[in-house]
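The structure appears right after this line, and notes come after that.
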Amino acid sequence: MNVQSMIEQHKNKGMKKFVEKLMPKLLFITALVSVLATIGIVFTLIFETFEFFRRVPFFDYILGTEWLPFSGTSPSYGVLPLIIGTLKVTGIAIVVAVPLGLAAAIYLSEYASDNVRRVVKPILEVLAGVPTIVYGFFALTFVTPLLQEVIPGLKIFNAISPGIVVGIMILPTIASLSEDAMSSVPRSMREGALALGSTKLEVALKVVLPAALSGILASVVLGISRAIGETMIVSLAGGSTPKFDGEITDSIQTMTAYIVQVSTGDAGYGTTIYYSIYAVGFTLFIFTLLMNLLAGYISKKFREEY
Amino acid sequence: MVKKPIVEQAMQEKKKDLKVITPSEKASIYKTENLNLWYGDKHALKDIQLDIKQNEVTAIIGPSGCGKSTYLKTLNRMVELVPSVRTTGEIHYRDRNILDKSYQVEELRTKVGMVFQKPNPFPKSIYDNIAYGPRIHGIKNRKILDEIVERSLRGAAIWDEVKDRLHENAYGLSGGQQQRICIARCLAIEPDVILMDEPTSALDPISTLKVEELVQELKKDYSIIIVTHNMQQAARISDKTAFFLNGEVIEYDETDKIFSNPADQRTEDYVSGRFG
Amino acid sequence: MNYIHHDTVVKRMSKRLLKNKIYKMLFLSATLLALLVLAVLGYRMIIQGTGYLNWDFFNNFSSRFPQNAGIKAALVGSIWLLAIVAPVSLILGVGAAVYLEEYAKKNRITTFIQMNISNLAGVPSIVFGLLGLTIFVRMLGMGKSVLAAGLTMSLLILPVIIVAAQEAIRAVPNELREASYGIGATKWQTILKVVLPSAIPGILTGGILALSRAIGETAPLVVIGIPVIIHFLPESIFSEFTALPMQIFDWAKRPQEEFQYVAAAGILVLMAVLVFMNSIAVIIRNKFSKRY
C-alpha cells in the first residue's frame, strides 16, 4: 500500500480549486447580508418617511408641540410630545441605572472576591436576558401599585414606573461594561496607590474611576441608547397620552409606544397615520444611531490611556 | 536505432556530469539558491545557498532570531501565512522550484510533512487526528484508514501506548505523547521529507529522548530537516548541520566537522557556547 | 521640618477606613438590590401565574374568557418561529464570521462591514419591525406569516451571532490551522474540518443566547402585525401564527383583572422556555471549556 499514490488517484484538482474559489465569495455574500439589512432599514425609513412629509410639512413635524393623529377633524403631527415622553422615561432610567450600575461595578471589580464575582455576574446577565414584555408586565402590575402607595396622585399610567423598570433593564449593561473597563485598569496603578496607604475606596474613586472613565461613559451612552429604543415596558406602563410638559406622574407616550399603538390598532395601509410610524421610527433611529456613534467615539478616542 | 532528441541527450550528459562530480554523495532533495526573504522591511534571510541531501538528518542551528525557523517554514511555504512576506531566489525540491507561484502549496505540503514546536493535535480523537491527512486527500475507505492509522502510530513508536484508546480525545495525552501523535499524523500521508521545528523544545527530557530515537529510526525512510536550539541534540541525531546567524548560512558541513573542527570562528564561538 | 504628622495621619486614618467600610456596604447593597429585583420579579410571576398552569392552559387556544384562555397557539407558534430563525441566523451569522475572521483582508470594505455590524446591533428592535413590515410583509408579499416574522427576527439577532461566532473563531489557536495546512489541506478544508469544529461550542453558546432573545422579543412582532387571537396551528411557514410574547402582551393589556393571572402564567411558560435554552448553553459552555 502506498498512500502517496492513493492520494494521487483521489486528486480532484478541478473540484478542489472550484470550491476554494467559490467559498470566500459565498461567505462574503453572507457577510453582506448585515450591510443589506442596514440599507433595508435606511431605505424603508427614508422612503416611507418621505411619503409622510408629502402630507405633513417637515417643520410642523419637528417643531410641533401637539401630537393628535387620531383627531378626526384636525389631526396634528408635532413630534415633540413623543420625544419629551421618551426623554422623561430615559432620564428617570438613567437616574436609577447609573448610580446603581456604577456601585455594582465598583463592588464587583474592587471589593468582591472571585467567588462572589463568579456568582453575581451571571445573575446580572440573567437580568439582562429577561424579555422586556416581562419587565413591562412587572412595571404595570407591581411597580406602579407599589409607587402609588408612596406617591399620592400617581396615575396608573405614568413616566416614573416605566422609567424605573427601564433603569433596571439597562442596569446590567452599565454594570457589566463599566466593570470590564475598571477591571482592565492595570494592577500596577492600584498597587501604586495602595502602597501609599490609600484605602480601597480612595483607590476606586480617585484612581480606577478616572482611569476607566471613557469605558464607563461609553457604557452609560449605550444604556441611554437602549432606554430610548425600549418599547414594551413603556407601551404597557407608560400610557398613550403624548403631552408636551414636564409632568411625570401622569400618562405619557414615547415614540416607541406610539408605533405600538398604531400597529395594534387598525389604521389602514396608506393613511397618514400609517406613514407617521415610519417618521417616528426614523426619528427614533437617528436618536439611537447618534448615541451608538457617540459611544463608539468615546471608547475609541480615549482607549490608549495605559 | 532512433536518435534521441538533443535536449534529452544533453540532460543525460549533465546527469552523468553530476555523478562524476559527486560520486559518493546521496541525491539532493532540496537545493536552495540565492534565497532572500523579507518580512515587510526586515531582511530575514540573506542569500541562502544550501544543498540538502536525501535520507539524511539535517540539523539547522543558530541563536534565536537567526532565521532558522523562517528558513524551515519556507521549505513548505508555510511562511506565506505571514501576510507581508516577500521572497526572491529559488528552492528546488526534486528539481522543481517550489517558490514558483504555479507550484501548488497543497501539493508541496502533501509531500513535505511538518512537526511543530508545540504539540498541536486537533481537538479530536487520536484516530481522527491520524486519519485527518488521508481523509482530506480523499481516502475514505475505513479499512484502508484503519491500516494507515495503525502503521503511522507504529511508525511514530506510540502504537502500544494508545492502541486501546484510539477514539479518545488526543488532548488527554501527555505532551510527549501528543508530539509523537503529531509525528504519526505527519507520517500518515507518507511524505517524502519531514520538517521539524524545534520538536522537543516543549518536552521533558524523557519525551525528548523518545522523539530523538524516533528521528533516528525515521531516517531510513524519510529525509528529515530539524531546527533545534539544542546543540547537543543536533550533535546526537544529525548527519549534516547548518549554522545560521543573522539570516545567513555561516557554515554547512558534516555534523562531526561542525562540532569538532568548524571552519568559521563564529561557528566555533556558538557551538562552544560563547554566545547565543 | 515635618510636613507629615504621624498623629494626624493615624487620626484621619480611622476616619478614612470607616468611610471605606460604609461605602463598601453601599456598593454591596446596590449590587444586591439588582438581585433582589430579580427575586421579586420571579416570586411575583410564580404567585400570580401558577394557578393557571394546568393541562387546559397548554391545550387551549386563547379566549375572551380568562378561565378558557390557553397558550397552545402561542407556544407552537414560537417553536415554528425558532425553526426559521435558528437555521437562517446561524448560517448567515457563522458565514459572515468565517469570512471576516478567515478570509477578509484588512481593508476599507472589511472595516465598513465590521462597523456596520456593531451599529446594526444598536438599532432598536422596533425599527427591525418596520423593516419587516415594509420589506417582508408587503414588498415580498409574505403576509403576517411565520416566514416574514422569522426573517425579521433573524436580521435582529444576526449581529449578536456574528460577534459571538467571531470570538469563538478567534479563540481557535493558530497552531491548529498550521497543523492542517502542514498536511496539505486547503484553506476551506482547514476551516471546515478544524476551525469550525473547534469553534462550535462557542458558536452554539452565543447562538442559543441570541435565539433566546429572539424568542422573548415582542416589539417587531407587534409592528409586523402578528395576530393574537388565532384558533389554529401553523401548517407551513406561510401560515399566520402568534407567539408567546405577543400573547402575553395581549393578555397583559386586557382590562379584566383575571387576565393578569393568565398573563403571568404565560410569562412562566416563556421564562421556562428561556431557562431551558440557557441551561443548554451553560451545559455546552461548561462541557467544552478549557479545551486548548
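Which chain is which? They are A, B and C, in the order written, and residues in each are numbered from 1.
Quick note on the criterion: contacts are C-beta pairs under 8 Å (C-beta built on N, C-alpha and C of every residue); 3 or more make two chains touch, one makes a residue touch a chain.
Predicted, not measured: the structure shown is a model, and the values here were computed from it.
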{"item": "Higher-contact pair (C-beta pairs counted), B-C versus A-C", "value": "A-C"}
{"item": "Farthest chain relative to chain A (centres taken as mean CA coordinates)", "value": "B"}
{"item": "Identifier of the chain whose CA centre is least distant from the whole-structure CA centre", "value": "C"}
{"item": "Chain centre separation (chain A, chain B; CA means) in Å", "value": "55"}
{"item": "Averaged-CA centre spacing for the pair chain C and chain B, given as whole angstrom", "value": "49"}
{"item": "Computed distance of Cα centres, chain C from chain A, in Å", "value": "14"}
{"item": "Overlap residues in chain A, where contacts from two or more other chains coincide", "value": "16"}
{"item": "Contacts with 2+ other chains: residues of chain B", "value": "106, 110-111, 137, 189"}
{"item": "Contacts with two or more other chains, residues of chain C listed in rising order", "value": "186"}
{"item": "Chain B contact footprint on chain C (complex, rising order)", "value": "173, 175-186, 189, 193-194, 197-198, 291-292"}
{"item": "Chain B contact footprint on chain A (complex, rising order)", "value": "1-4, 6-7, 9-12, 16"}
{"item": "Contact set on chain B toward chain C in their complex", "value": "76, 78, 81, 105-111, 113-114, 116, 118, 120-124, 132-133, 135-137, 171, 182, 185-186, 189"}
{"item": "In the complex, chain B residues that touch chain A", "value": "106, 110-111, 134, 137-139, 144, 147-148, 188-192"}
{"item": "Parts of chain A lying in touch with chain C, wherever the complex brings them together", "value": "16, 19-20, 23-24, 26-35, 37-38, 40-41, 44-45, 47-48, 99-100, 103-104, 106-108, 111-112, 120, 123-124, 126-127, 129-138, 140-142, 168, 171-172, 175, 197, 199-202, 222, 225, 228-232, 235-236, 256, 259-260, 263-264, 269, 277-278, 281, 284-285, 288-289, 291-293, 296"}
